[in-house]
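Can you read through this structure? Questions will come right after.
Chain lettering (A, B, C, D, E, F, G and H) follows the sequence in which the chains are written, and residue indices restart at 1 in each chain.
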Amino acid sequence: MELTVYLAGQIHDDWRDQLEDKAKEKNLPLNFVSPQTNHDRSDDIGEAILGQQPGKVYRDDAASSVNNLRTQVLLQKSDVVIALFGEKYKQWNTAMDASAAITMNKPTIIVRPESLIHPLKELSNKANVTVETIDQALDVLAYIYE
Amino acid sequence: MELTVYLAGQIHDDWRDQLEDKAKEKNLPLNFVSPQTNHDRSDDIGEAILGQQPGKVYRDDAASSVNNLRTQVLLQKSDVVIALFGEKYKQWNTAMDASAAITMNKPTIIVRPESLIHPLKELSNKANVTVETIDQALDVLAYIYE
Amino acid sequence: MELTVYLAGQIHDDWRDQLEDKAKEKNLPLNFVSPQTNHDRSDDIGEAILGQQPGKVYRDDAASSVNNLRTQVLLQKSDVVIALFGEKYKQWNTAMDASAAITMNKPTIIVRPESLIHPLKELSNKANVTVETIDQALDVLAYIYE
Amino acid sequence: MELTVYLAGQIHDDWRDQLEDKAKEKNLPLNFVSPQTNHDRSDDIGEAILGQQPGKVYRDDAASSVNNLRTQVLLQKSDVVIALFGEKYKQWNTAMDASAAITMNKPTIIVRPESLIHPLKELSNKANVTVETIDQALDVLAYIYE
Amino acid sequence: MELTVYLAGQIHDDWRDQLEDKAKEKNLPLNFVSPQTNHDRSDDIGEAILGQQPGKVYRDDAASSVNNLRTQVLLQKSDVVIALFGEKYKQWNTAMDASAAITMNKPTIIVRPESLIHPLKELSNKANVTVETIDQALDVLAYIYE
Amino acid sequence: MELTVYLAGQIHDDWRDQLEDKAKEKNLPLNFVSPQTNHDRSDDIGEAILGQQPGKVYRDDAASSVNNLRTQVLLQKSDVVIALFGEKYKQWNTAMDASAAITMNKPTIIVRPESLIHPLKELSNKANVTVETIDQALDVLAYIYE
Amino acid sequence: MELTVYLAGQIHDDWRDQLEDKAKEKNLPLNFVSPQTNHDRSDDIGEAILGQQPGKVYRDDAASSVNNLRTQVLLQKSDVVIALFGEKYKQWNTAMDASAAITMNKPTIIVRPESLIHPLKELSNKANVTVETIDQALDVLAYIYE
Amino acid sequence: MELTVYLAGQIHDDWRDQLEDKAKEKNLPLNFVSPQTNHDRSDDIGEAILGQQPGKVYRDDAASSVNNLRTQVLLQKSDVVIALFGEKYKQWNTAMDASAAITMNKPTIIVRPESLIHPLKELSNKANVTVETIDQALDVLAYIYE
C-alpha cells in the first residue's frame, strides 16, 4: 500500500531530502509532496505569473494565492501529514497547514525541538503524534507497514 | 439575527473587551466567545483538574487538552471568527484556530499589524478579510447588518 | 416553523421589498436576508474599511472580500434561497450564489424572465424550481406552510 | 502524480486545445476533461436522446439534464478546475461550474480579460487564483510540479 | 427538548392526525411536519404556480419540483423521520424519503403491515426501527423522553 | 477515464447483460456492478450464511443485512448510478438505491416505462436524467466520453 | 450559552444524578441527556413495543434498535459528550458511544478509574480529555464558561 | 474490483492469518490491513520511538498515539471492516474501531461468539452484519463478488 505524505514546515534546510533518503533506505513505499521549497521562488511566484504588483502587500497576496492552490491540491492528495517546526522564523504556514490537515482528518505528525514544547502545546495535543526528530517521524510511518 | 463570534488571538491585552464595548455602542446583536484569557489559568488548568504532572511536557499536554476541548465547543457554536495577531509571541494557537475555522467553512477575519503582512500572507489569503485594527474588524461585522 | 430566505440577485430595483411586503400580507413566518443592496456601498465597502487601494482591481478585490464574508454568513444561516435574474447586467454574482447554494444542498428557487430560458438552462435544471415572477416564488414558499 | 483538470468556460474557440498542447510541450502529467464543446450537440443532446420536446423550454431542460450529469461526473473526478471567461455571451454555466467547484473545495483558477475585473470581482475573490491568459493558468499548474 | 418529526408516507387516510392527537395526549413535545397531504393539490401544484404544461409528463415534473423543494426544506429541519407504508399504491415517494433520510443520518422509523415484510426487507434493515402500527412508532418516540 | 456504474433495479430479466454488451460494442470504458441478480440466492443468503432463522421476518432480515452490505460497498465505489423500474413488482429496493445514490451526490439516471411517469415523478425530478430505455441510458453515459 | 451534554456510560449507580446536582449547584447552563438508565426497561423495550420475539438474540436485537434510535437522536443534539467507564461489566456501549461521538467531532471527556488506564489507552488518546472523577469532568465543563 | 479490508479485533491468536489464507484459496481480490498484532510491540511502540516516559499512564499514552495514527491511516483506506470479538479481554479497541468505522459509513461485519450476544447487542444492531465465525465473515465478503 503506497502512501502519500505531505511535508509541511520550514524550507531553510534540506530536512525533506534527508527524510526521503532515509525512507528509501528502509524501502518504504512512500511518496513525498511538499510546498515550494525554494524560498525566493515561493515569494516571487505571484509576480512571476501575474506581473508586477503595486507594493509589497499585493505582491505577497499574489504569491500566496498560487502557493495556497499548490498546497490545497497536494494536501487533498495526501494520506499523512508531517509538520516540522524549527527554532527560527514565525512558521505560521506550518501551523496553518498542520491545523488544516488535522481539521480535514488527515493523520498528522508534528516534529519540534524540546524548546518549543510550550508554545506548540495545543497544536501538539490536537495532532496524532509529536516527536523531536525526523528519524522519529519516519519510525512512526514505518510502523504503519510492520 | 444574532451571531456568535469567536475571538481567537493573544491574551495579553484587553482587545476583546474593547471590541465588545464598541459592538455594544453600535447595538450589534453579537455574542462573543473566546479562549481562556487568563494566561496563568490557561497554563495551569491541566494540573488544576488532573493534579500534578511529572514534568513540563506533561503539564503542558494536560492543560492543552482542556483548552482544546473549550475551543472546539465554542468554535463549533460560532458563526464568524476573528483572529488577531500582534507583534509579540509565537501565536501558533491563533494560526491554528484561524486555519481550523477556515477549514470548517467559518467566515474568518484576520487582524494583524502592517509589520506582519509577509509572514501571514498565506493565512491572510485563505481568510475572507484581513484588516489592521479591531475597529475595521467590527466594521466588517456591522456591514452584515446594513 | 420560521424559515430564513436568502434573496440573491440584482440590486437595481426594489424586488426584495415587494417580496417581503407580499410575504407579510400572507402572514408567512419568513425572515429575509440578502447581499448589500446599495450598489455604491457594495462597490465602496473595501476602501471604506481598508482605505484607498492602488487601482481598480485592488479596490474591487477589497470590496468583494467583505461582500463575500457577508454572503457566506447569511447563506449558511438560510433554509431556502431565491435567486432572481433580470434582463440587464452580467449577474455573475447571482449565478455564483445560486450555484453555491445548490452545492450546499440549500433548496433553491430561480426567478428569471422567459427571455433567459436558454442561457440559464443548466442552472435552472440544477435548482429545485424555476419561475418567472416573484409572486410565483412566494407561492412556492407559501406551499411549504400549507 | 497525475492530476485531472476540469476546463469550464466558453466553447466558441479552441482554447482547450491550445492549453492541452502547451501542457504536453511542458510534459506535465495532466488529464483534461471538459463540458461538451460542440455547441449544437450540447443544445441538441436532450432531444437526440429523449426525442422531440413540446417547445423550447422543454427542449432546453432535456439538454441541460444530460449536460449536468456529464459535468457532475467529470467535476467530481477532477483535482483542479480552470474556469475561463471571455467578453462575449452570458457564460452563466462558467460561473455556475466555478462556484460549484469552489464550494466542493476543488482548487480553482479563473481566467478572464481585464475588461471583466469588475463584474467577476466576487467570484475572483472566492477562487484560489485569477489570471488573464491560459499561459498564466498553465504556469500555476506547472508550479505544482516544481 | 423539542423534536421535529417528518411524517413520510401515503396521504390517503388521516394517520398523521391520529398520530398527532396521540402525541398530544401523551404531552410529548413533538412538532410534526409532512408532505402535502391533499392529493389533488399535490398533483396540481406545478400548474397552479407555473401555468398549464404541454402534457402529463411536464405537468408531473412541474408538480414534483415544488413538492421536492417542500420535502427538502422540512426533512433538513427534522430530527426524526417516520415513514409509513400501506397495502395500496406504489408508494415510491415513501421509499425515496425514507432512503434519503437514512442517508442523511436522520434516525428513521418504518411503519408497515405484516404483508409487506418481504418487499421492504432491505429498507427495514437500513432503518433504525420497523414497527407495524403508528402506536408503536409513537412508543419509540416516547421512549426518547423516558 | 474508466467509470464504475451501479445498476440498480429489478432482477427478473437480463437487462444488465444487454446493457453491458452494448457498452462493449461501443468500446466504452465502463465497469458495471449490481446487486445480487439471482433472486433465490438474494432471498436465501442470510440463512445460507447464518443458518436457519425462526420465521420469515428473521429470515428476511438476515438476508437483507448481507444484501445491504454488498450494495453499500458497491454504491460507494460507483461514479454513476442507473436505476431501472419495470411494470411489475413493488421495486422498493430500486427506489431506495436511487434515493440513497442521489443523496450521496452520485449522478443518477432513471429508466422507466411511460406508464410509470406519474408514480415516479418526484424521484425522476430529483435524479439527473430520466429515460425510457436502456439504450437511452447508455447514450447518456456515452455522451460523457464525446 | 446553553450546552447539551450526553452522558454515556454504565447505568448501575446514580452518577448522572450526582453530576446534574453538582452542575446545578454551580449554576452551569447545562442540559443533560442520556441513554435509558433503567436496565430492565432498556433490555425489555424491544419486546415491550414489538411483542415477544423468538429467542434471546431477536429479543436483544429488537431492544437495541430502539435504544440506538434514542442514542442517535440525543447524540446528534449534543454539544459535548461525557463517557464514564467503571470497573464492572463489559461496557461496550460506552466505548461505542464515545467512539461515535469522537468520529462525529463531538468534544468528548472520558471518566475512568486508574485501574483502566491500560485497556482504555487508545480511546483516551482519541478523546479530548480523560479524567478519573465526575467532579473533574464537571470542572472541564465549568472551564468553558470561565 | 479489489477491496481493502480492515481487520479490527483481538491480537492473541492467528485469526487474521486464517482469514487471509481462506481468502486466497477462494481467489478473492482482497487486501487485508490490521492494527499491530504483536502485543508487546504495540504496548512498547511509544517508548521505542519517543524514549522512556515517566510512568505507566504516559507510556500508554505515547504508545496509543502511534497506534491510533496507524489505525486512522489504514481505516481511511479501507472499503470494508471486520471486527472480531472473543471471550477474553476487555476489547475496547475493537468496539472503538467498529464504532468509528460505522460512523465513517464503512460497511462493517462483526464476528462474535454466541456468549457475547447480549453485551454487544447495540453494536451488532448498528453494524451491517453480525456473524459467529470468520468463515461466515468471509462468506459475506465473497458474496460481494458473486
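The criterion applied here is as follows: a residue touches a chain if its C-beta (ideal position, glycine included) is under 8 Å from a C-beta of that chain, and two chains touch if they have at least 3 such contacts.
Chain by chain, the UniProt names read as follows: A, B, C, D, E, F, G, H = YtoQ family protein.
On a predicted model such as this, the values are computed, not experimentally measured, just so you know.
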- request: Note the shortest touch-path length, in steps, from chain A to chain F.
  value: 2
Statement: Contacts shared by chain C with chain G include exactly B, E
Statement: For the copies chain A and chain H, the interface residues, called same if over half of the numbers are used by both and different if under half, are different
Task: Would you indicate which option in B-H, F-H or F-G repeats the interface seen between A-H, with over half of the contact pairs matching by residue number?
output: F-H
Query: What is the distance in Å between the mean C-alpha positions of chain D and chain E?
result: 39
Task: Round to the nearest whole Å and give the separation of the Cα centres of chain D and chain F.
output: 31
Field: chain B and chain F: spacing of chain centres that average the CA atoms, whole Å
entry: 49
Field: Residues within chain C bordering two or more other chains
entry: 65, 68
- line: Here the pairs of chains that touch are A-B, A-C, A-D, A-H, B-C, B-G, B-H, C-D, C-E, D-E, D-F, E-F, E-G, F-G, F-H, G-H
Statement: chain E contacts chain C in the complex at 4, 31, 33, 36, 38, 41, 45, 48-50, 65-66, 68-70, 72-74, 76-77
Field: For the chain B and chain C complex, residues of the former touching the latter
entry: 1, 3, 79-80, 105, 107, 109, 128-129, 131, 136, 139-140, 143-144, 146
- line: Within the complex, chain D is touched by chain E residues 54-55, 58
Statement: The answer for chain B against chain A in the complex is residues 56-57, 60-61, 63-65, 67-68, 71, 89-93, 95-100, 102-104, 117-126
